[in-house]
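Each of the next two complexes has chain A plus one more chain, namely chain B in the first and chain C in the second.
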Partner chain A sequence: MPPVLGLALVFLYPLVLLVQQSFTPLEGGTSVQPYVDVFADPAFREALGTTVWLAVGATVGCLVLGFVLALVIAFVPFPGAKAVARFVDVFLSFPSFLITLALLFVYGTVGMANGMWTDVTGAASGPFQFLTTPWGVLLAEITYFTPFVMRPLLAAFSQIDTAQIEAASSLGAKAPRIVRQIILPEALPALAAGGSLVLIMCLNEFGIVLFTGAKGVTTLPMLVYSKAILESDWTAACVVAVVNVVISVSLYGLYRVVSRRVGA
Partner chain B sequence: MSGGDVGGGVGIRFDGVSVAYGSHTVLDSLDLTVERGEVMALLGPSGSGKTTALRAVAGFVTPVRGRVLIGDRDVTDLPPHRRGVGMVVQSYALFPHMRVEDNVAFGLKAQKAEKTAIPGRVAEALEMTGMAAYAKRYPRELSGGQQQRVAIARALAIRPGVLLLDEPLSALDAQLRSGMLAELASLHRELPDVSILYVTHDQVEALTLADRIAVMDKARLRDCGTPQELYRSPRTEFTASFVGNANLLPVRVGSGQVRLGEAELTVDTAGVVAGATATLCVRPHLVGLGEGANALRGTVAEVQWRGATHRLYVDVAGQRVKADVRELRVPPALGEQVVLHFAPEDAVLLSAGVSDE
Partner chain C sequence: MLVHSRKGKWTLWTLFLVLFVPLFALPLLVIVAASFATNWSGAFPSGPTFENYASATRGESLRALTTSLVTALVASLLALLVGSWAALAAHALSKKGKRLLDTLFMLPVAVPSVVVGLAVLVAFSQPPFLLNGTRWIVILAHAILVTAFAYQSVSAAIVRLDPAYEQAAASLGARPSYVLWRVKLPLLLPSLNAAAGLCFALSMGELSATMMLYPPDWMPLPVRIFTATDRGSLFTGSAVAVVLMGATLLVLLAVSRVRTRASYR
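The block that comes next holds the complex of A and B.
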């Protein structure tokens, strides 16, 4: 059996089954009725909106934060810069829920920040309650995914000829202009690569949303989970999953087109 | 900031400048003045501190001691972007994502030059370096020599008072290099007030282009003078061998003559103590083959044909003497006994005290 066929059987066949199931209503047969039902469901629309804005917000946050941090690590000489750069690699290997747990320790209802507040003021509860809101999810996602942007950026920065930066400053350019006109253009492909990676991963993120315990925050993966496991509505779960896959794959396609344009 | 006052050109002064990384001194108390409009070559092998000296003027290294002055302005503590110097480096360092014209305009925009004046000054700088026809190209579409011209145009566009050239021709092939050398010379005639600090390890570039040459070795300034002075009467062994690859022969000094093995040689011994040992310095191309005044008898150790000349290596009294003679119809065989000679006025005697430095 050719290897491609083997791979297709193992990886693609389950996907085909999933798509097939999504077109099979409970009564049997094949129809688009499950899609019509799911799209009409306000819960699905809300989940779709939440997923997209969280993913886009987290990606923008990661790009900005990652760019600034990578700039500092690469161009501002400080003791331990190399160690920090290496830690970025280690960070990538952490499971995503670990970050969420860590944030719970700091900002959770009974976490350090709130604990200090209640100790000092004697109040019943602390002021930090944002962790169970979409903002908590956003914070956790930015914290966790920023290194995914920094990794390619640090690689790109190390390729920049320092003579160019010196030439620019000799010509009278201050740091902001050098960042904007010399460093940023050369880092664009790396930013595009890191950004689209983070966007896709955020769209599919499950662990972080689950662990923050944000009840009101339902993303598409959460919806798949609740439809399939809690409501045992396999068809609806498959429909949502297919939508999720379609969004991811089309974003990936878009990324390939864009990155080829930029010449990455 | 670097507007009017530098357009006319200013000098550069190193005032006891030392640069060190930890305990490693890379530039040791350099005192040197480049006059307004002068071309000063910093000549030396790699690791001699010449590039460090240039980078101290540009502001990319901070001296641990001493001051750097551009004109009468002490720039030691100024950041690079406030020094108003033009710099060109070996790797060109053009901005790859900008067209040629945008590369050249970069400094003008960074210094907030008047918007309407920018296109004219870009065109002027490109005209001066002969690159006007390439304004819309990207650096990757240009040859090495063309990229170097753009780099020079970019540095000149800000009308710097001083121009720093760091091995600007080292990445070019030999033929292109001599062409660019001539162009740099004519460029300097167009900008007679701009001082140029020219770092190179190539003595031909230094001799051709410089008004004066500062010879550097092991983080220190060894010698400084006009090309003719350094070439005809070097003051140190290092200068003599680095500039012009001279023969350095240990001799014993008498009065009005010196002794090399059995040979008595007539040279100017003024300023050297009789009875001492000294170093006799003779350029290979001033050594002739055959009998004459100041004859040296020896054995041919090697013969190299170099087209227009033959380079002979002859062992004389335990020393290997280099001689460049016009191409010989019948070059001597290895091991053959030959006689070399040189005119008394073509030799320079270096006393041991200087050469030990």
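The block that comes next holds the complex of A and C.
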């Protein structure tokens, strides 16, 4: 069992130390005072709220968008649909912060969209100023994580028996009804699995928020980073980290249960 | 075929293009376009130049590229070794033991990578293990993060393996170690390859844990991109990003070529 010992040493042991550190205030000793302090901190509460609503919003957006796009690729195929599916795979292997970097050029203060607007209307500045608000982060997260929903969906769609669809449509069912009554039930497990995965990844997302560089958008991972590296407040960083771990790991447990039950 | 009318199809395709192109294709195109530009104040970039690439492939950035490649290589090899070893071991265990091992090895996926970075930093800044400030702490963190993916893909492949091969080999008198080397591992080679590619790509793009850990003399590419854009040199940053994407794609391509050759055997 050397691999287990190795992993325990480099992963579990650090986690245990992290928890221990979170109960150790600067003066030494062991107390829950750090937790009381952090929970009383309005910045922490705000970060918690922002993290949760961004993650939920991005997950809903990814599910809707991913479902529509996968539906078109799978059931209304067009020349090049295979290439698009391949492109989605490649997209997954790129780091997330590239999306934010790209959005800076597209919607940034001097970027493409605002540039077009000022060229056309002659105004001094464009209307797109949302990039440093939570909406910019939301857009970036939806863009980056939608492929994570699309992949299991495409796999699930390829298992659907097309004869069912042909039969339904020859009996006069219209496309919306076929989607609702045949495709959606088949896709539900994949949607659930993909959705919960995206929810966890959004909760843990760091690169997108860091690159946005917005002071107004602080999520839990960002708070961990700024407490630890910028303020050197280790105890508080560890407390936030423990909270974040508890949320993510319990969600992950849920995801495992869901995906095991549906066999995905 | 879900939609039969010509008009309906074209409406859907247009909708698809309207959603897909701005969201997914545009970001990558924009980064490539920006990497050749010096200025972007209108609808399109201006001032075409190769200067960004010149600065992206020398000095600090070149060092960051080699740093990233070395880190990703070592981390994926470590992850592959530990991950496939654990997956093989888990396969031999009882159902309960396998579930325990599954949970243990998949846990790093659920824990935020910033927290993994922080935990590693806390643990290895104090005796008995002093790694803080060395390159090994970065490599270690990357290995922890990608091991889960190696474990996952290898154990998925083991389940699909036909047990008849190893049983046949064992019944002909082959020792377990011989069965492992000559039967199991060759059969697993395609998935080992795929896992290696995945680990490499993930490690190349890893930013969150690295931000917590990197020592000044071991700065991987993503951190380099961040410092460049943070200082306001967006165009150099995007040139470095294109270098990063290109390097990742080249390695993935090489890995997939090896895979197709292996699967013909």
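Some observations on this one:
In the analysis below, the second predicted complex is superposed on the first by the 251 of 264 C-alpha atoms of A that agree within 3 Å, B and C clash if a C-alpha of one lies under 4 Å from a C-alpha of the other, contacts with A are read in each partner's own complex, and residues count from 1 in each chain.
One rule holds for everything that comes next: a contact is a pair of C-beta atoms (placed from the backbone, for glycine too) under 8 Å apart; a residue touches a chain by one contact, two chains touch by 3 or more.
None of these values were measured; they are calculated from a predicted model.
With the C-alpha superposition on chain A as described, chain C and chain B fit side by side in the combined arrangement.
Looking at the shared chain after the overlay, A:Val10 reaches chain C, while chain B stays out of its contact range. Applying the stated contact rule after C-alpha superposition, one finds that A:Ser169 touches each of chain B and chain C. The superposition of the two structures on chain A yields an angle of 80 degrees at the Cα centre of chain A, opening toward chain B and chain C, reported in steps of 10. With both complexes superposed, C is the one of chain B and chain C in contact with more chain A residues. After superposing the two complexes on their shared chain, the closest approach between C-alpha atoms of chain B and chain C is 6 Å. Within chain A, the residues touching chain B in one complex and chain C in the other are 166, 169. Considering their complex, residues 1-2, 58-60, 79-87, 89, 91, 93-97, 106-107, 110-111, 151, 154-155, 158 of chain B touch chain A. Chain C meets chain A in the complex at residues 1-4, 8-9, 12-13, 15-16, 19-20, 23-28, 30-31, 33-34, 40-45, 82-83, 85-86, 89, 101, 103-116, 118-124, 126, 140, 143-144, 147, 198, 201-202, 204-208, 211-212, 222, 225-226, 229-230, 234, 237-238, 241, 244-245, 248-249, 252. Across the complex, chain A meets chain B through its residues 161, 163-164, 166-174, 177, 181-182, 185-186. Only residues 1-4, 6-7, 10-15, 17-18, 21, 65, 68-69, 71-73, 75-76, 78, 84, 87-88, 90-91, 93-99, 101-106, 110-112, 115-116, 118-119, 142-143, 146-147, 165-166, 169, 175, 178-179, 200, 203-204, 206-207, 210-211, 213, 220-221, 224-225, 228-229, 234, 237-238, 241, 244-245, 248-249, 251-252, 256 of chain A touch chain C when the two sit together in their complex.
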